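Below you'll find the structure, written out as structure tokens, and then a few comments.
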């Protein structure tokens, strides 16, 4: 899934709070995307129920969900921006800040933990230069985070790189993966 | 289950309540206050704080009283060891991140966390080695500050804005122990009824900027009153300290305002503390007003009234009490009488979640009472009639710009140096709503009493008293 | 099938028959293998009849609660006055569990078929399949399968939609799942009301797990008596179960066995036991929310609902997490506590604060700053966190703590005495 993401948006700082689009905000739901939203709305008896899929679309288009995007979504669905924000902050897969070009989620919950998951995290951090887990690498290409159980405990360690669900990742395989995705 | 009620036992006391009653409400009838935070009779049930855990015979687990409906023969025990241990546990969990702010927290003395910890909590903490969660104070809007560190996430404020104010401008943000009450950066808590979240907050997390660090709860005297902000007639409590009104809060009244008042009424109290009051009766001598005593002032009024005949015009405030308005009319019983008032109008602002409740367009508490007593809204016409009237009585209308060839009697709390009524023959100082007892009739025809919260300054007296003294002296029979 | 390994002789292959067979994912492939015959049959039956068959089979919820499925369906209103809903719980997030994922990846049409049959049985007009956000591959496969099924019109008038989660374990709780579909925070609801009375959008709703529904077409095809007959121990636990075995085992994977199968056989015979040179130390049999079993308890345990209860734990989701003697129990229990602290929705005081406090105490013990009284404190907190909240997440945090301190106290005491430090695995 190719997502137009501005890799240089990361590392500029100053996008912690507020609308953070630094300039003109381009609405998400226009043209084909608006059509897509119409299809989504058909699936639910009211607009509020379409909130999660709508947020996924917003994140797909912009790479993250800013306060401004939340306001746009809120208006489309007849909700308040505060309400939408309450929902966005509940679900950990919605990004409230821009992330690196490659968003890497490594499971470190116990079943994977006993199989060396933390070593995989360490390898990613080393080979991408991302520093602390959750930080974005200086070149803006990687954000590495530890996540909870990814539901692939039999294939330790599962790693999500953007939407690619990788299995059986070991520290030895990490350099090759980093090369492939860079 | 005779007469359709359900009988159950709470801590040994039998009570009978209608079907559908919550255990926490039934307990009140048994004289039992089940500790709680998130529950509020004016809000939808949430069941999240877990503070109201009670033991119910034959139930496998403790139950929350706020979400359990009564059944026939139910036996509820709130003071058993498992129930008390569970509640003590909840309090301990609430306190681990709650700062020791009591010495600087506005809520101290009227804080439900203090109250229940004192009643049922433990005296020491077991969380000593860890840092408490910290977030900076946030300004939510015109009057409300949010102190996240003190928040116990009862969500009363969120539910109130969503369900009662019907403007979901507050949310719960994040998850787990990172959660806090949030607001979208583009939003402000400026709903006309938003101030109620400060009252609803059981702790000192949501604070009124107006009241911030102003007074301690235990210094306050509380008096039942009626709001004078509009014609809705909400029940309020006037909180005074050292005879100064420092805060207005709603008083529960299931028939009018339930548990809420609007921000206009809430902030509409500073005028009650004005210092520039008329403190003595004044009579005109040699073209100027001179201070005197009540006897001389009454004597002057009576001599005016006995010596006049023909038309009398009363220009009154729609904020005067029913008693005062009635006595004012009675005093002028011997004349061809016109009585009128004018009301300041504003925008109506309903509280959608409560039927028939709004900040009303009429910004005065007793227009209806005045109407009931025969006063009209034809103020302009009354002003006209006053020009040729023998006697003009002005009651609590400081900006009244009446011009008359007859005598002018002015009853009021203030009289500005350039006020038109400075040319009055007699000026009688009266008490304001916080300084007297009286009654207003709200827009629905409901007569409600208010009580005295502080003394009137100087020699000022309630307008009703002033007028009734003169009525008695006139010897006129009381108007029915 | 012991997927991804070769099927083991002792497996009872029903749900996992086509795991690894890419052709079975397509509508054509599924139909060729006998798929959608059960649905066609069910649509001709009276809904109550379908429920009876499932009741008779003894099928119980495979998501973790083990509630009899037919009985759950029968809770829906007898008189149809309002719209009914079916929710399929594909939020699989219980640590140690990875079976629903495989069902969706390999037999998406099997799940769709079971969904449609269930919807028919409970007279639901609409079914939502709630798939956790991280399951990107199952999402793609299910989307394609759904398109095929819709194009072929196999569902009749029943509408089936996919709904994507966004990263919240708690949305696997049935009432939180409904809130999430409604576009709200994934907060569990207080019960009553129960979903069958007022569920999704306030209307009568049934929520079923993926594995539960995947079994339904097989039950219809081969009969309730057949399913009921698949039972090695307690007659109240029938059919097959996919056990997701993971952790310190040689051949981790999903293994499908008949209810009542010995846990010892599963771990040693099928999975090859711990890596060479290591010995079994502990096992969590039903996903991380159930009490930990010692080696003795593990090796004597039969895998059905009653059998695991007898050993002091629960069958749960069937996520079997195996720890060998190299595992640091204290560290892993801390890691589980941290999981629950991360996933707490924040509604209930005990869970919101207790999961975080528990984690902090555990971290401090691992950092060498623990005190003996910390163990009593942990047990006391766990007691305050059990049986007193809207949902059982806080109970789930307490389970490994209580069983861990009870059964592996020595490992805790080693940390308290300063004799041990955590070492990163791998």
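In this document, chain identifiers A, B and C correspond to the written order of the chains, with residue numbering beginning at 1 in each.
Basically, a residue touches a chain if its C-beta (ideal position, glycine included) is under 8 Å from a C-beta of that chain, and two chains touch if they have at least 3 such contacts.
Everything quoted here is computed from the prediction, not taken from an experiment.
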Legend entry - Chain pair with the higher count of C-beta pairs in contact (A-B, A-C): A-C
Legend entry - Longest centre-to-centre distance from subunit B, chain (CA-based): C
Legend entry - Inter-chain centre distance, subunit B versus subunit C - centres from mean C-alpha coordinates, in Å: 54
Inset, instruction - Compute the distance, rounded to whole Å, between the mean C-alpha positions of subunit A and subunit C. - result: 26
Legend entry - Centroid distance [mean C-alpha coordinates] between subunit B and subunit A, Å: 49
Inset, instruction - Find every residue in subunit C that makes contact with two or more other chains and list them. - result: 168, 185, 342-343, 345
Legend entry - Residues of subunit B touching at least two other chains: 172, 174-175
Legend entry - Touching two or more other chains - residues of subunit A: 79, 86-87, 90, 92
Inset, instruction - Under the touch definition given earlier, write down the residues of subunit C that touch subunit B in their complex. - result: 168, 185, 190, 341-350, 352-357, 360, 364, 369, 377, 381, 383-384, 387-390
Legend entry - Contacting residues of subunit B [partner subunit A, same complex]: 167-175, 182-187
Legend entry - Residues of subunit A touching subunit B in the complex: 17-19, 67, 70-71, 79-87, 89-90, 92
Legend entry - Residues of subunit A that touch subunit C when the two form their complex: 43-46, 48-53, 55-56, 77, 79, 86-87, 90-94, 105, 108-111, 113-120, 122, 147-156, 160, 163-165, 170-171
Legend entry - Footprint of subunit C on subunit B - complex, ascending: 45-51, 53, 61-62, 64, 67, 85-86, 89-90, 92-94, 96-97, 126-127, 129-130, 152-153, 172, 174-179
